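Just so it is clear, A, B and C label the chains in written order, and each chain counts residues from 1 on its own.
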Amino acid sequence: MNRHLLLAVALLLIAGTASAAGIPGDADGNGVLDQPEYTAAVLAYLVGEGDLTRTDIQDAAWVLARWDGRPLEITDSSGQTLTLSRPLRRVVTFTGESLETLRSLGFAMEKVVAVDKYSHEKSTFFPECGGKANVGSIWSPDMERVLTLRPDAVFLYATISTAACDEIQQKLDASSPGIRVLRFDCFKPATYPGEIRTIAAATGCEDRGDEFARFYTSVMDGIRAGTADVPDDEKTRVYFEYWADYKTFASGSGYNEKLEIAGGYNPFAGESAEYPEIDPEAVIVSNPEVVVKLTGQKLAAGGYVGHDVAALEATQSAILERPGWTRLAAVADDRVYVIHSDILGGAQHFIGTAYLAKWFYPERFADLDPNAVHQRYLTEFQGLDFNLASEGAFVYP
Amino acid sequence: MEESVILREGYARLKKTRTVFIGGLLALLVILVGVAVTLGSAGFTVGESYLAILAGLFPETFTAPEMADVIVWDYRLHRVLFAVVAGFGLAVAGSVMQGILRNPLASPFTLGISSAAATGASVAIVLGAGFVGGEYLIIANAFLFALLASVAIYGMARYRGVSSETMILAGIALMYLFSAVTSLLQYVGTAEELQAVVFWMFGSVGKSTWPKLGLVTLVIACTVPYLIYRAWDLNALAEGDEVAAGLGVPVERSMMVFMMVASLITAVIICFTGTIGFIGLVAPHITRMAIGGDYRTLIPASGLVGAVLLLAADSVGRSILAPQVLPVGIVTAFLGVPFFIYLFMHRRDA
Amino acid sequence: MMRSAANRLFCLALLLMVVPVAACGTPVIRSLSTAEPGAGEVFTVSLAVEGMTLGGVVETLPDGYTFAGTDHPDDRVLVRGQRVAFAVTNETSITYSVQAPASGSGDIIGTWEDFIAESHGEIPPSRVAVDGIDVPGAGDPSPADARAGSPCTALIAVAGLLLVAYRGGRR
């Protein structure tokens, strides 16, 4: 009993930045900030009366201008509805994908107060994050640091690592209900456009969000449209290998989904395990027309750091030299490719999917330039001074 | 005449050693709790952490610095106390197991309980199937599968006759069975589910909450007094079945009861923490080396040793890779190494 | 006479060129209908506001000078002693009247806040003196901007000089 009282007192003490209360300036507490209430709050603040701070008034002005004086209701990707009474000023991201998406939307990076440890280490891709606080990973979160940063919002995954994310959410809900937990994946083709728009609305970046969503959907829809009329039996047969030799993906894995969006046919999609290990003979028997090899993480070659095209080339050579593979259609037609998971896995999956589509159907996608798409994404939306011609290595050839 | 004097003096010395040992342990435990509560990445000073505790207990007299009360009461305090209680319970269960199995290398997990709990957790994580839905799915599964193992031991032992040999054999058989099922589930599961299962099996005090702490404390508070009350029977059983029977102890029934109680304590702890190894093995051993094998004092004393060990291990796990938290099960697994080396070096044919 | 007129025109032209530049960096510029009112005279102060969607302005009048009304909507004005607060909603100008005392001088100082752009600052002070008589130190509200090294201050000084020169031309 005592402890709960204390918790309540503590919450009131830190009510300055906590957004648990309603809209600042909403004097009658009816959940709507109308012009007279706002004006009264502003005047009181200007003459030094009342207990609203400058940040409170700025929040009130935001709510009045952008949300028409009403709290914003958003539904995140886990289906929960959140009500925001103030704009987000202190954000903690546990996922690199949501951090990247916030940057694409033009969200002020100073408002991100902490990132997960993996993003913290990516000095090439997230140069501004090295100085931010590090809150660990989803499976090993530093909850004390999250709390001491007093964030408004914490970003977690919606549909993966659910056990770990649910635990973080439970702990936050129990100890600090003022902290909003936003569950967004930001890497799934099916949900990403919707997520872009929702996050844009929540952060007040609607214009940029709209632009980015249109850029993204133009690429993905273009791919879908270009492969829509390919009959099933004419789909390009693809053998897509994971980091480990002879490990591929089956349906249910995100990579397979992107392969199929690009119009490919994976003969091993029906396997029961998510990442089945295939008998090498079965691969030769299936005689794929295209072979794609994934690098990154466990098979470190390429990526944003350095410009190691040679490593990707070496990966390709290693595959070409596999015994008996010279008879494969893919090898005979010179259609063995290497791609890095950075552009196929996370928020940049549309770039990787574009490459896949171009490799599977070169004539249909002759006009598609995945490199230009990638460069535009980096320069225009991510704001990175990164030149693909001289930095990074993502695909070979 | 002389003999009785020597015996009495010897016994008086032993009693004194025991008092000193237990008293020292209690003091050490209090100090450790005091230290553990100040550990964490929030950067509070030692004084601020204690102030937060006092402020939580006496809100009128003390006010804690911002956030300190939330962090100390909602994140640290129950975790520290849970480590104490869990260590206590596992050590007591271990000492009881060593008694009825008459094997100083026995632990609460010798009879396959940990493997069974791991299978229960895997079933919950990979298949999503269980007895209770929602957030208690994994916990309930782990608990009930652990009890299932002890019931199976009971059944098998009844069938073949209750003795330490049959129980150990049955336990090993169950351990292999459950491990195989867990491995299969890990193979079939997605990468995510596999990670979740592995993390569960590491053993961690991180998921503790005040209600869980209360539940475990309640179970231990109910069972340990009973065990101490029956400690004399344990002493007799440790001497051998015939000796015990000769002393009027209902051997079969006692062994079963002790086994079930120890399993219950273990199950209720590991369903919340995952499998934390070596506490149940090492703590009673250390205690026995210090104050002898009389269960009337061995049970509470090894409980204290277990509490100290687990709390120390958790504190190390929280500090060594700060701000990352190393699961306590990994730290205790390393504990086993010096222990077994010591045993290896100082083997006595006792 | 012609020389006076030429002088005045020259000063005025320079003034007109300098004043907009003097307002560099601030979205609110103040101008007075007269900087030397007669005793008891009511003069108008005009604030030109640029690019402020939702913001606020607080003007502090020197001692003795009293607020005498404004064309800004009533519910968006608040008077507290020598301070007058205006809530700005997209307006481009705010005009208010001030009644001068029998004698006395001082600076009208002000601050502005833009709540959407999340910026704030000070409005360069405007000197006002009854009948042009400067009473040093008397009636001055606490000088809020002592920003050394600001180009605005230098330009304001120049503007002030030119203004005085203009006035001098009238004599």
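Simple rule for what comes next: a contact is a pair of C-beta atoms (placed from the backbone, for glycine too) under 8 Å apart; a residue touches a chain by one contact, two chains touch by 3 or more.
Computed from a predicted structure; not experimentally measured.
Looking at CA centres, what chain is most distant from subunit B?
Chain centre farthest from subunit B's centre: C.
Determine which of the two chain pairs, A-C or A-B, is joined by the larger number of C-beta pairs in contact.
A-B
Would you identify the chain whose C-alpha centroid lies closest to the centroid of all protein C-alpha atoms displayed?
Central chain: A.
So the centre of each chain is just the mean of its C-alpha atoms; given that, what is the distance between subunit B and subunit C in Å?
Computed from C-alpha means, the inter-chain centre distance equals 78 Å.
Can you check how far apart subunit A and subunit C are, centre to centre, with Cα atoms defining each centre and the answer in Å?
Those two chain centres are 52 Å apart.
Subunit A to subunit B: how many Å between their CA centres?
Distance between chain centres, rounded to whole Å: 42 Å.
At least two partner chains per residue is the criterion; list those residues in subunit A.
none
Where in subunit C do residues touch two or more other chains at once?
In subunit C, no residue touches at least two other chains, as defined above.
Quick one: which residues in subunit B touch 2 or more of the other chains?
none
Where on subunit A does subunit C make contact in their complex?
Those residues of subunit A that touch subunit C are 35-36, 38-40, 42-49, 54, 57-58, 60-62, 64-65.
In the complex formed with subunit A, which residues of subunit C make contact?
Touching subunit A from subunit C are residues 53-58, 75-78, 80, 83, 85-87, 89, 113, 115-116, 118, 120.
Taking the touch rule as given, give the residues of subunit B at its contact with subunit A in the complex, in rising order.
Those residues of subunit B that touch subunit A are 40-43, 55-59, 64, 66-67, 69-71, 73-76, 125, 135, 138, 187-188, 190-192, 195-196, 199, 207, 209, 323-325.
Contact residues on subunit A for subunit B in the complex?
Per the touch definition, subunit A meets subunit B at residues 2-3, 5-7, 9-10, 13-14, 134, 136, 139-140, 142-145, 147-148, 150, 160-164, 166-167, 170-171, 174-176, 252, 272-275.
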